[in-house]
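Consider the two complexes below, in which subunit A is the common component and subunit B and subunit C are the respective partners.
Up next is the complex of A and B:
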């Protein structure tokens, strides 16, 4: 009995509940005969979609700024990069290239990294001045950036017909189709069908590659220094590590991953979502890594893999199951609110000693 | 030079407020609004939101920061309103029922949030924000699925056509709409008269029975003004005037000025004639001068026009005034002082025998209950409840308004709350129109006001964290280490 208790404790009660809930949902899906393989295919696709965004939490938490609620700043960088890529395609820059889709996604990624890098650096400098209140400050800085860019989306001089409203209306569209650009470019790469289950191999490869690179970085000398600065700043300072610099590095990396993440997300989704779409993204992403077993002071790649899979798995499987039980409504959205915010509250209430 | 210095310091200290004053003036300049239309809209919004903003003050003083969890109080209010409408409650009785239902709910929610906050000291604000979203999820789950899905609700007007889930909009027409706003003045005066008579009678009987000093003079001071008003209401002309539920802002100012002058004259009379005080009552004359000045302003044609456009809902404004006076009074009671101590330093509070966790929970309960009342006031004025939307922006806009008035995460006064509401809502009303005039796009203005709300909060939070760190460094200690000694007694509740 004791050993079970200990095992549950080390795995974390919320994870046991969430895992049980996931299994229960799968059972219900099987009971209603909803086609488990197709559902699992969906889960895997969404796993890859959200994966890199969730991965952005790892450098943030490891460098000591805590879960990066302001990941929307990186997302905005990624959106800017994608818009520039669309604009360049529209001007005909990619026509001569052999594989315009791949070129367009690479251009989008490059600009995403540039913008997210700049934003992330400034954001990191700000977070160094608000040590101890990073979470709430980053949340509201993220909200402010989204609100500011709501204005920018109306004013920025993008001219491509894909991006702006066709006749009436000013500024950029709320959702921009990527069908002519890099929509599905990762998803369709080496994709195969396994019965009813479609596997977006390219997307998963990109996700795993990012995970591997982040892991490689954390094992490097500078990555170790960053982790030391995050886990014990006083000790790190005594060892001659510039803690503030490491925090800026972690924040910048996290923001850049946010930018890359949204490009991967958008190509899988097929659309760019502007305006208020990134507003609450930070909460979903933070919740995912917490579901995977991270805390506000500790996160590993494994937490990202497990958390994203479980969280997206529940949301994906819940929709058809809920539709069988209750005829209508968006239970999935409500479930997302309850689970994501519940897990964040749990993590905050457990972090009391840690944040002191 | 020193005056310039002082002005400079003042401006620097209140930079957010000053910035908003400038923004409001610019927006007014560029918009097509006239003063009367602006005032009309502004005073509606002041009546709607002031109570909610005031509900934020107690947790700030108790050191819990900006209470993003007032959303939960708003949810309690909406549950209560749904129940009242479901059972056909209407008018002021309906409001009383709503209050009766939402009070225990809000107390319970406040207790839960307070207990949760005690487990996350130092991260209450993000916790409150997340707790608000979490409660919103539960609330939506109940209102969209449980009601009709599990609990049978037989009310086709309130439910979605399928019978499962509550409609997006609950219409309050014909039941609770403006039930507080439309209370005639004469009824308020009647109620006040009966209440004060009863209270005085009970006190006199009590004091007679206990053979204590009657303190008739004190009682008369409270009783006489109400009694005079009540007696005046029997004069037909006055009675007819008072049977209206609204008071023209112009009259309200005139009455206020007249009241202030009479009060000061009485004080002067008392000190000169009764107490034979030889000193010249300078301050009293200054007050009278100010009152005269305010009265003079009403003669400016533009002001006169604007002031005679605005009708104040009397009871609503009286309730707000009551809370406005209650909070400073409350802060001087024992419990209020305890809250202040807890807010300043938990270690000191613990060592002086205050149960820190309990005080914090009480602060949260009070804030949640007040927020739920505030939401009832707001919704009865609007006249419709957006079942899944009315509560969401409550936290954001209330907190932004408070911060615009110059409040910070640790310090806030009732005056800052009122100033903040006036400035924030002026900007809110004007921004879309000003944006349309200035940039040819009304949407920019709408986005701008949302940006301003978020931005103000972000700046206030960053400034707070920044100054706290600076403060800690000048002491040569990180701020957190000061708190550590308090831990052993405090963690008893764990």
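Up next is the complex of A and C:
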């Protein structure tokens, strides 16, 4: 009994409950004959899709700025990178290369990192001026950037036929197909089927690679300094560490991961989504990492892996189950809102007690 | 009991979770008497006053035993408001004033004079109008009584500190039934002339029949105004006598007392460097702006291989010295460590010049509470010197584990292993981790601040022994800052006593108690002669 108690304690009671709920939903899905393998395949795909975006929370929380609600800033950087890649493909730069899809995703990632890096650095400088209220400020900075880029998407000089409104001849579309570009490049790499369940091996490999790199960073001298600055600024100061620099570093890394994350997300989804699509992304990813057992002051890679799986798993399975139970209306959307906002509220109320 | 005493405390004892802080303290104050209460930090003065005022902290920690009598009647105060009704007032060390209010409003707040209005006739007293004229007149009277010539409608914000102190006093004496006024270190923030004025105000209050309890560590002021005094030490009354029958030297001696606490063998003393030894640390004109521990111009020369103690009462600035050197608080002046000048503004400059610091604030500054023992031990060495990094600049867990294990054995840190989180260790073991971290840096100069605060005697002895051993065997120079004089006297070669931000004197550990007491009380030893 004691050992069970200890195991539950170390895993965290909320996670035990959420896991139990997930298993219960799977049971319901089986009861309604919804095709468990296909659902699980979907869960795994979404796990990989959201994984890197959720991973972006780790450097932010470790460097002391807390969960990065403004991850949409990094997402915008990633969208810019993808749009440039589309534009270059349209101009015919990639045709001569052996594998145009791979080249296009690499170009998209490079530009995503550049833009997200610049945005992240400036955003980090801003957050140093609002110490203590980063969560609120980052939320609204994220919103403001989305609003600003709603205008920019109409004004920026992109000319590719894939990207702009076909009739008006200017302004970017709300949804841009990646079928001719890097749609599915990671997903299809080494992908295989297990009965009805499809496994996007390449996507998962990219996700795990990012996790490994972030973990490696946290084990380096500079990574340890960043973590110390986040967990105890006074200690860091006594150790001769410039806390503000470390916070800027954490914010920049988080924003860059946001940019990489949206490229991985978009290639799996098959479309780039502009305008208000990134608006609420911050809430989804913050909820995921908190579900995984992170707090606003402490986050580890394990929290990302577990949290993203549970959060996406519940959403993926709960929506078809709910639609079966209550067929009318758009209940699924409402359910998604209730679950994600409920989890954020719960996790924030527990935010000071770091589990695991 | 007779009516001749305004306040009697009989056999007051109090303990905090098994720790006795007051033992059978009795004292009695006559009307119109200035009664001095003297003692070091932690002697029990504040606890005694908390009991007198019925502060909630006393009830929450199990109450006290003994009797408090006001005017011969036993009083049971459950809140400071009760004490106020019984005619006891207090002038606080930190001013309890509202900056945006005028002097009149500050004096009268909570006890306003009011006139009825139509609304108040219907809805009750809380809607009455303020009678500004009467309030101003009362305030004027109180201000005149203490000789304060200032417009009573001036705002408190922006007044010089001395004036604020007098506004506090005016507020207290405006209370009609005031019988006893407690002054808690009232002159600490005042200039010399303000302090003199305050003392004469105290005299005139006492002439009006108001009794005064005067808590201070400035013995010259005690000699000037008090009629009788009680010295507390470790929660006990060590002496209670009229001022006329004693002198400064005796009071200072009583206050410090020699507590026999042998932490280290005497033989280590023989290794102490003599006067011709090389100077390891040269401090000139050091000013540190650390809130509550201001340093105002300190000069020190510390010899190589010396254990140098810095003592003094809390709030006098001793803790500010190491924090200024390490760049934790803004500082000016020059500090040279083995001939190299430390740049205060450059973060971690002292660290890179071979100075290790064990902070007095263990959990706040000294440790990463959420991290493991091993990481805490190696952290500074890794960041400052790039130690413990393996392939590709990634931390080498193998080296870290091995080193942590050796430190754990060396300092006898009681834990499950190097991977245990420091947050779950006891205070003494946390302190050992701090020390291990400082030593891992292989410093030329080690500064330890309050190394034994909140740790048990066993750990204390071990830490002291280890520090002496480091000095004896490796010639390490050590600066030890501590509030516990006995501890400093047991290990240090020389002890500087800091008072009011300055070094009042540097004494050998075997100097008489009186010298230490006088130095701490800001009575320069020269004045006594």
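FYI, the second predicted complex is superposed on the first by the 330 of 356 C-alpha atoms of A that agree within 3 Å, B and C clash if a C-alpha of one lies under 4 Å from a C-alpha of the other, contacts with A are read in each partner's own complex, and residues count from 1 in each chain.
The working rule: a contact is a pair of C-beta atoms (placed from the backbone, for glycine too) under 8 Å apart; a residue touches a chain by one contact, two chains touch by 3 or more.
Every value quoted in this text rests on a predicted model; they were computed, and no experiment measured them.
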### Query
Would subunit B and subunit C fit next to each other on subunit A once aligned, or clash?
fit
### Message
Applying the document's definition of touch, where does A:298 land relative to subunit B and subunit C: first, second, both, or neither?
### Response
second
### Message
With both complexes overlaid on chain A, does A:174 touch subunit B (first), subunit C (second), both or neither?
### Response
neither
### Message
In the superposed model, which partner reaches more residues of subunit A, subunit B or subunit C?
### Response
B
### Query
How wide is the angle at subunit A between subunit B and subunit C, using CA centres, rounded to the nearest 10°?
70
### Message
With both complexes superposed on chain A, which partner does A:323 reach: first (subunit B), second (subunit C), both or neither?
### Response
neither
### Message
So in the superposed three-chain picture, is A:132 touching just subunit B, just subunit C, both, or none of them (first/second/both/neither)?
### Response
first
### Query
Who does A:148 touch here: subunit B (first), subunit C (second), both, or neither?
first
### Message
Quick one: is A:244 in contact with subunit B, with subunit C, with both, or with neither? Answer first, second, both or neither.
### Response
neither
### Task
Have a look at where A:201 lands relative to subunit B and subunit C in the superposition and call it first, second, both or neither.
neither
### Query
Between subunit B and subunit C, what minimal C-alpha to C-alpha distance in angstrom results from the superposition?
7
### Summary
Both subunit B and subunit C touch subunit A at residues none
### Message
Per the contact definition, I'd like the list of subunit A residues that touch subunit C in the complex.
### Response
216, 219-221, 224-225, 228, 231-232, 234-235, 237-242, 298, 354
### Summary
Note: in the complex, subunit A contacts subunit B through residues 69, 126, 129-133, 135-137, 139-141, 143-144, 146-148, 150-151, 154-155, 170-171, 283, 326-329, 331, 334-338, 341-342, 344-345, 348-349, 351-352, 355-356
### Complex interface listing, subunit C residues touching subunit A
326-328, 347-349, 351-352, 357, 359, 361, 364-371, 375, 379-380, 382-384, 386, 389, 393-395
### Query
Can you list the subunit B residues touching subunit A in their complex?
116, 119-123, 125-127, 129-131, 133-134, 136-138, 140-141, 144-145, 149, 162, 164-165, 441, 443-444, 447-448, 450-451, 453-455, 457-458, 461-462, 464-466, 468-469, 479-480, 483-484
